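The following pair of complexes shares a single chain, chain A, combined with chain B in the former and chain C in the latter.
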Partner chain A sequence: MGLATYAARRAVTSVILFFVSVSIAFFIFRLLGNPVAIMVGPGLPPGAAQVLTAEFGLNKPLWLQFVLFWRNFFHGNLGDSFVYTGTPVLQVIFPTRFINTVVLMGSGMLLSYLVSIPLGLLAGRRYGSMLDRGFSGLSVVLISLPAFWLALIILLVLGFYLGWIPLGGTVTLNRTFSSWWSYAANYMHHLIGPMISIAVFFFGSNFLITRASSANVLRENFIRTFEAAGVGEGTIVFRHGLRNAILPELSFMAVQMSFLVAGAIFTESVFSWDGMGSLIYLAVQNSDYPVLQATFIFIAIVVIASNYIADILYGLIDPRVRYD
Partner chain B sequence: MSEGDVLLEVRDLCVVYESLDARIRAVDHVDLTLRRGETLALVGESGCGKSTLGNAIIGILPANAEVSGEILFEGVNIVSLPRKRMRRIRWEKIAMVFQNAQNSLDPTLRVGDQLVEVILAHRSIPRVEAQRRVKELFSLVGLPPDYYRSYPHELSGGSRQRVIIAMALLLNPQLLIADEPTTGLDVSVQLQILNLLKDIKQRFQMSMIFITHDIAVANYVSDRMAVMYAGQIVEAAPSQALLAKPLHPYTIALTESLLTLDRRVKKQPIAGFPPDLSKTITGCRFAERCRFAVDECRREEPPMVDVDGRVSKCFFAEQISNKVVGYDYRGD
Partner chain C sequence: MLRSPPAVAGFIGTLSFTVLAIFGPLIVGQQQILNTYTPFSPPSLAHPFGTDYAGHDILSLLIYGTQRSVLIGFLAGLFTMVIGILVGLVAGYLGGVLEEFLMRVTDLFIIMPSIVLAIILVSLLGPSDYNIILAISLTSWMSVARIIRSDTLTLKSRTFVEAAKISGARTFYVLRRHILPNEVHMITSNTLLAVAGAVVIEAGLNFLGIGNVSQVSWGIVLYQAELNGAVVTGAWWDIVFPGLFITLFVLSVSLLGRGLERLLDPRGGVGGVRAR
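Moving on, here comes the complex of A and B:
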């Protein structure tokens, strides 16, 4: 079986996996109890609960709700938000919150990889050196810090004490921008803090994993051959080391996507970043099930897709992978 | 041959591996001479320091290795040569086929590209020219040119070994060190690789140091043999002479294990074990396993003695030569 066949086959299983996981999530959300009861509270008249229950279709049998859920899903309807009453969930998420989160997560992860992978490779190469011990120690500290606290410290130091970054939001409020690029510059300025938080949040695990696989790979026989043959240190570490050490890192990248949610919730909340993370936070507080369900679907897509991409990349980098 | 023909001279070389709890004397006061065009086989049991000696010559010992003594290559001591100058000798003048060469290639890259990388690390020539050179060498070592695009795992053990040999030849070295280049290969493939090495040695007019634990293989490829035991060279002689008439009890033991192999009797390893190299050893290192050993052997280290223009590190070398001690090991 070639890579193309494999890619196609994996695509099919990924789609199936998506439907299964969203279906399971559907029932889990229903098991958590009646959201209307939580929403209504003791203050409202007894009739209100019935009206709301009917409105959200919660009075129908579970199987029918399930069928309706998927039918609506294919019509691009994920229900209406409880909190933003009457607003369809998709409109709550798209496009602003979605874009904000993708930009933040994308840039944060990228920054994390750009710093942690080269440093991890070097530390693995110089196992036990000052550089290695220093960054390994730092990583352990960073991993043990709660994401929330980390974001808060960064906001406090960079924003409050040093005044280098804004204290929150995605752009300065109540300000008109003369051009698109002054808007973009303002947006970027706001992005710095949460982006660094995400990068720091993932630095530790990325660094330690890269370092461990780099140390393993760079001890292999073929590295000695290239050293003896006069191939430069840069080529050894960043070509041979990277190609071989990135393989375990790839599988981990996919797993990381699920941690990304936690990172997003805390970081976005601390920096008032108007994205899906802060939306999830809000939705959890207010039992906004349709929003939670929609964000869950989004997370499922991201995790399944990154697993898929990691698998294909693995096959592209490592020629020994056999598809059967 | 005159002195001018000497390519490599190792003088009083010691290599000690330092670890937290021990100092392993892997190479202990070794002297060695290699002439141009000569193939020298280093023979000895596992752990006697053969690879360490080879790695010391090409200068790639690990950081915990402490080296003393001299390695003169074309008259220049390369032991403490600055990195930059050593880089111009390593692989350009001295190349090596490493032990366990089967994983001497990057599994994620095409073999041809890996060889090109080595050329380009030394020569500023266009990539296509380097590729041409690689293909040329492929045909020289008996590989079809389209193997250029193969990945290491797609090749058979023999083909992979040919790629490794081609890699060693990329820059026309004058000295090739081949460390157990046939271990792990099928017997028929072993012979092919041995013949290939003999052939390219002629063609490139190289000298070769051939490391093996198999004295029969050593005899097949080499002009001269040096027998190593516990970090020392205990006997050196032209291969034919050494095999026909070993002058050191350890060599005798080695040739006996060879004989039993010829007779299709189960190979009989030498009884006992080599000494612990992290301990200080008094007397002859082989004494514990030697059938000729007397008290003196355990007290005092025997000198290298010259017998008929050969050397043996044994008090009884002369007697063995005159058959006063021992017996005709061929038993006919």
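Moving on, here comes the complex of A and C:
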């Protein structure tokens, strides 16, 4: 079986996973709460409640509701937000909040990789050295920290005491920007705090994963051959170590994604970053169930897609993988 | 284990938190957490950890709240293990269609964003401690199930298990007598890791304000601090100390877990210690 067949088969299972997770979202929200109250929202006059009940088909049997839910789903209709009244939930998520989250997570993870991978490679190469023991100990402490506490401490130190970063938000509110540049600069200034929080939050696990694979690979015979042939230390660590360290990162994708979602919710809530994580927080505070359901479905899609991509990439990068 | 300083530190830490969890409300008492003093006063001799937005003594709140945080974490960790061990044992030992089904369900739960699922479950079911325990256990059993399944798979093909089966031992007897005793080391360490993880999730759920906020726990103290502007007033003690309690607990329990795993491993752990 070649890569193409494998990719096709994984695509089929991914689509099945997608249908099952979205259906689970449907059943959780219909069965665990009062569906009329959940979909129609509080504080509406009885007439409006009846209209909306009919629109969502909540007076129909469950199986028919399920069919209607999927029909609405494929029409891009996931209901309207309670809080931003009348706004379809998809417009609450896209495009601003989605882009903000992607920017924050992307830059935070990139920063984390830039620091943790070189350090992890070196620590694995010098297994048991002071550098290795120091950063390993630090990583064990860092992965024990709750994400929201880390974010609070960073906000307190960099924001309150040093005054280097704003205390919250994505851009300064009620301020008109003279140019695109000043807007971008203001946005970047707000990005620093949450970005550092995400980077520190992921440092521990990234460092430990890289260190473990580096320690294993860099003690194999082909590395000793390179050493004997006079290949430089830098080439050994960063070329051959790095190649093999990327693989476990990819296979930890599913676990990393769930950390990423948690990191987004807590970090964005602390820094009032206008992304999808703080949207979940706001939706919970306001019992905005349509938004909560849509965000859950959206995150499930992103996670399934990124796992699929990670699996295919694994096969492309590692020539040893055989599909049988 | 005595030769491993991190494991010893973990043991001492876990023991201290257990004592605090059992006797905390007796040491501090209901009245002491209701008393109010000057709001947001920094650490002093009278209030070693300072006071919060309403003037409660933070040290008292944290000692009193230890019981609730640790109990929720312990029960959630325990249920996580029960679900994980059942799924792992049944899938690994019985195999077949059942295994295929259980492992697909496990994959599904791994892929679903568990923290979002937990948040949704608690906000739909209502903000009680029982629902928090339920939500945590239902969303964190997957790694245990995978570990137990793969270990059961290797144990199943070992000669002593084969011998027991050939001599007519029932499935339940083999599981109880031959499989589970060989997994005690990973069950112990994973229970401790599950408890540590559950305490962090519980603190997180309470920090977001979706738990029962009228009670005292470590996460609730942080929730109140954030809600009432501890950051913008620079009341660092209202943020640092509650988080330190959570971090020290998680660190102690995980270090003890790692230490015990090596000590109890029947296939020979560090320091030549062998069980039985």
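As a convention for this text, the second predicted complex is superposed on the first by the 298 of 324 C-alpha atoms of A that agree within 3 Å, B and C clash if a C-alpha of one lies under 4 Å from a C-alpha of the other, contacts with A are read in each partner's own complex, and residues count from 1 in each chain.
Note that a residue touches a chain if its C-beta (ideal position, glycine included) is under 8 Å from a C-beta of that chain, and two chains touch if they have at least 3 such contacts.
Keep in mind it's a predicted model, so treat the numbers as computed, not measured.
Q: Looking at the superposed three-chain arrangement on chain A, would you call chain B and chain C a clash or a fit?
A: These partners fit in the superposed model.
Q: Touching A:Leu167 in the superposition: chain B (first), chain C (second), both, neither?
A: A:Leu167: touches chain C, not chain B.
Q: Have a look and say if chain B or chain C is in touch with more residues of chain A.
A: C
Q: Touching A:Arg243, do we find chain B (first), chain C (second), both, or neither?
A: A:Arg243 sits against chain B, while chain C stays out of touch.
Q: In the overlay, answer first, second, both or neither for which of chain B and chain C A:Leu152 touches.
A: In the superposition, A:Leu152 contacts chain C only.
Q: Which angle, to the nearest 10 degrees, do you get at the Cα centre of chain A between the Cα centres of chain B and chain C?
A: Between chain B and chain C, as viewed from chain A: 80 degrees.
Q: Who does A:Val284 touch here: chain B (first), chain C (second), both, or neither?
A: second
Q: Using the superposition on chain A described above, determine whether A:Ala300 touches chain B (first), chain C (second), both, or neither.
A: After superposition on chain A, A:Ala300 lies in contact with chain C alone.
Q: Between chain B and chain C, whom does A:Val261 touch in the aligned arrangement: first, second, both, or neither?
A: second
Q: After the two structures are laid over each other on chain A, how near do the C-alpha atoms of chain B and chain C get, in Å?
A: 12
Q: For chain A, which residues count as touching chain B in their complex?
A: Its residues touching chain B are 220-222, 224-232, 235, 239-240, 243-244, 317-320.
Q: Mind listing the chain C positions that touch chain A in their complex?
A: Answer in residue numbers: 107-108, 110-117, 119-121, 123-125, 196, 200, 203-204, 207-210, 222, 226, 231-232, 234, 236, 239-240, 242-243, 246-247, 250-251, 254-255.
Q: So in the complex, the part of chain B that touches chain A is made up of which residues?
A: 58, 60, 87, 90-92, 95-96, 98, 100-101, 103-109, 114, 117-118, 121-122, 151, 153-154, 164, 167, 170
Q: Under the touch definition given earlier, write down the residues of chain A that touch chain C in their complex.
A: For this pair, the touching residues of chain A are 17, 20-21, 24, 28-29, 32-33, 38, 140-141, 144-149, 152-153, 155-156, 159-161, 167, 254-255, 257-258, 261-262, 265-266, 269-270, 280-281, 284-285, 287, 292, 295-296, 299-300, 303-304, 307.
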